[in-house]
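Naming follows writing order (A, B, C and D), and every chain is counted from residue 1.
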Amino acid sequence: MRWDIRWAGFGGQGVIRAGEILGRAAVKQGLDSAMRPMYGPEKTGGWSRADVVISDEPIIFPLIVKPDILIAMSQDGMNRDGASLRKGGFLLIDGELVKEIKSSPSKIYSVEATSIADSLGRRIVANIVMLGAFAKAFNIVDPEILLQTIVESFPRAVELNKTAFRLGMEKVEEV
Amino acid sequence: MTLKIVREPINKHIQKIPLGWIHIIPERCKECGFCIELCPKDVLIVGNERNIKGYRWPKIADGKAYDCIACKMCEWICPEFAIFVKEVERGEVV
Amino acid sequence: MSRSQILRENIVKESPRDDLIRKDRFPHIWCPGCSLGTVLKCYVEAIASSNIPIDKHVVVSGIGCTGRIAGYIKLDSYHVTHGRPIAFAEGMRIVRPDLEVTVISGDGDLVTIGGNHFIHAIRRNVDINVFLVNNFIYGMTGNQMGSTTPIGARSSTSPYGCPEYPFNLPLLVASLGAPFVARWTTLHVRQLADAMKRALQVKGFAFIEIITSCPVGFGSYNELREGLDFIKLFRDSCVVDHNADLTKVGITLRPGEPIVLGNFVDREVPTYHDLEKEVFKKAGWLK
Amino acid sequence: MSGELKLLKPGTHFLMGNIACAEAALIAGCEFYAGYPITPSNEIAEHMSRRMPELGRHFIQMEDEIASAVAILGASAAGVKSMTATSGPGFSLMMESIGLSAMLELPCVIVDVQRAGPSTGIPTFVGQGDVMQSRWGSHGDYELVVYAPSSVQEFFDLTIEAFNTSEWLRIPTIVLSDEVVGHMYGRLEVPPYDKITIINRKKYEGRKEDYLPYNYETLIPPFVAAGEGYRIHMTGLTHDERGYPSLEIEDSHKLLERLVMKVRKNAKNLWKYESYFIDDADIVVITFGITARASIEAVKRARKEGLKIGLLKLLTLWPFPEDPVKIASQYARRILVAEINMGQLIHPVREVAECPVASINYPVGYVPPPEYILDGIRAAV
């Protein structure tokens, strides 16, 4: 089974870092993964995208044409990449930032990742909240392994990230 | 006002003027004239023999052989490594 | 021994310094009256009297008349592409602190096409010696003007006189923080060799501009047709001033405007290698 | 000096291609890195700037790509393995030094993370437009070896291979990667170190007086470094076996013959390629780099449709793997060359193929989706 997962957002939201962690966790779990980061020429605030492929077979084509899952962390990301979602695919959004859906998903999951991160005092952990939501919503990567990968990636903010991840898992809901 | 004092070395009686023995590698010479022009004692003149490229290498002017004071300016200035001077004792050379 | 006996010049095949030159390649390709061989001689004397083992000396040169110097010196010698010897020397010196790397090359090579490498090597203060031989012209390619050609001087590409300002190299190099900056001509052989010897000792970028004769190239366009014309020029128009104001040492070759010589700068400046050690410490490699 | 070498540990990793390349260079024994910032190769330099000093090795950011490519030759002449990494515009500036490396026979590795061109092109987007430049970019006759990775794993493996080949043949080698392979994160298996072959240049061992830097008796002359007392001369001028400039026809002939023959004679050992479904293929797709990943997917789908399509993925671009291409062309009706450019690798393919050859080109900047390749295949059927 191959999953094409596209994360879309703007620079500074940690989209690419989230994609990297997701891919690393998948590899840790014994799956194959490829992650392709893309971003606009702006240093911050431009568009940002991470295309993560996860498969239980060796990945031949590592890029994504029509994602199965779109994770939109901003309206801009939705505007840019919403239409690329495969018909009947799944959508995971930051429910506060994304107001208008531009794809035709079979299911939409929502979590207010940015607000939750703000409530923890660090907006930069919005991507970790989103990873928690992802782990809960989709049964692709083992949440334990994903959390472990997050902890290894940020050894100086273990508790913060654990909390962010847990809140993401708790607060995600289907809409 | 400066008062000029010319002093004689107190050991002048034991000081020797060095004597140089000029060695030449004719095939390297390109007849630039540096050695001849810059010799403070005018020891060297343009020779009359030519090397395979047609350059006339320097020779010691008549009667000047014992005027070389081994300052080695010719050796230093020569771009061709074609001339050098060995300092010798006056009794050494024939 | 009486004075009546005639001491004659001794005709020989080899010189005492032949151990440091590639004698099988002599006579060299340089023109009669060109003083590049004198630069070589001074360098040979400088390394022979340095305390560094001969086999640890390396010469790198680029393209042009002076660039050929690497081919005549019997050391590890590298003759690389046009303008690039400094970058080559930097790479070599950075990985091998035991080597004493000297770049000997021309003005066109080092500061015209290679100008960028030149200024950056000085800025970094890599521990190399750069002996730049300035003949005011591109000799080997056919006497075109360059970035050291004085205003008004003629060349094959400035038939009406060079319309550009030349570099004032001692000022340029000193302004970039080099620890050693000197200028001598090929007439000032002993001072030049002494400066070279000092440059070999200096830690960091040591620079000597060597003004040389070029009768067949620069001279033929500018009424200096013989090597001796240059010797006379150097004798008559050079002044030695170690403390010269470097903003005023640009070379014009106009009558009454001297060529200022001297060992202008000799100071201690932390080198690239000193600073790189700090990197190694921060990275945990050095304690 | 302290500590064991902190190299990337054997096992499974998930790394960016450019970082896998840098770690491979460290394992291969790269002691000197000189580079100049250019997208999309920057992660290599950034990673090396952090990792090289940790290992007591040297990283320097030079003033331009010209200086970088020359500085690594200076380090190589001093006896150490060295590399630089760049992309199209910088690669163009390095051409002069590739010729110098070939002429002085100083090993070095140049990584070109290709981007869309010509000129500044699209710096952050992919291209495969440097195929011909990597082979013919410097003036004069010389041969070198160019590897093209299509995955993070291959970028790692081929970087080590590039060092080995460079050291073995005393030539410049090029790793012709691309923006996608460079920026992509992927699974990387690092084998145990004792399973990784590391080749070091052969050093001269005879009598000092007998040493000839470019001995005509040998195809690949043994090396001596600066400062070892041999007082060698190396020049970019055409030279004789002593390394002295020469205008003689024999010297010119012998030198050039050696410079090309050391690669040509070993070509069969240098060819690396993978074939897919080739045995009964009517049509063979020949491709490399990231395009190969789309093409293999396309060929798999074509097979599902019952089309007899095979594929040859070239890992060595130069010397061009003539025999496998020729053999494929003897059985196939048609060859399709898929690449992200307006037609470059198609030329050597055409030169050796015995069947008609056509292109599947894709505009630079983007990776062709498998569907696009499949359309090209269907059109050719």
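Some observations on this one:
Basically, contacts are C-beta pairs under 8 Å (C-beta built on N, C-alpha and C of every residue); 3 or more make two chains touch, one makes a residue touch a chain.
Fair warning: this is a prediction, and the values are worked out from it, not measured in the lab.
Looking at B-C alongside C-D, one finds more C-beta pairs in contact between the chains of C-D. Taking the mean of the C-alpha atoms as each chain's centre, chain B and chain C sit 26 Å apart.
Taking each chain's centre as the mean of its C-alpha atoms, chain C lies 38 Å from chain D.
One simple way to say how far apart two chains are is to compare their mean CA positions; for chain A and chain D this gives 35 Å.
Between chain A and chain C, the centres computed from C-alpha atoms are 62 Å apart. Shown for chain A are the residues that touch two or more other chains, of which there are none. Under the contact definition stated at the top, not a single residue of chain D touches 2 or more other chains. If the chains shown are joined wherever they touch, the resulting network is a simple chain of contacts running from one end to the other without closing.
Screening every pair of chains for touch gives A-D, B-C, C-D. Chain contact summary for the complex, chain C toward chain D: residues 22, 25, 55-56, 58, 60, 70-71, 74-81, 84, 87-96, 98-99, 116-117, 120, 276, 279-280, 282-287. Against chain A, the residues of chain D that register as touching in their complex are 12-14, 124, 151-152, 180, 183-187, 293-294, 296-297, 300, 367, 369-371.
Chain C makes touch with chain B in their complex at residues 1, 3, 5-18, 21, 23, 26-28, 30-38, 40-42, 45, 186-187, 189-190, 193, 226-228, 231. Here chain D touches chain C in the complex through residues 1-3, 31-32, 34, 50, 53-56, 58, 60, 62-64, 66-68, 70-80, 82, 96-97, 99-100, 104, 226-237, 244-245, going by the rule given at the top. By the touch criterion stated above, chain B contacts chain C in their complex at residues 21-28, 30-34, 37-38, 53, 55, 58-60, 65-66, 73, 75-82, 84, 90-91, 93-94.
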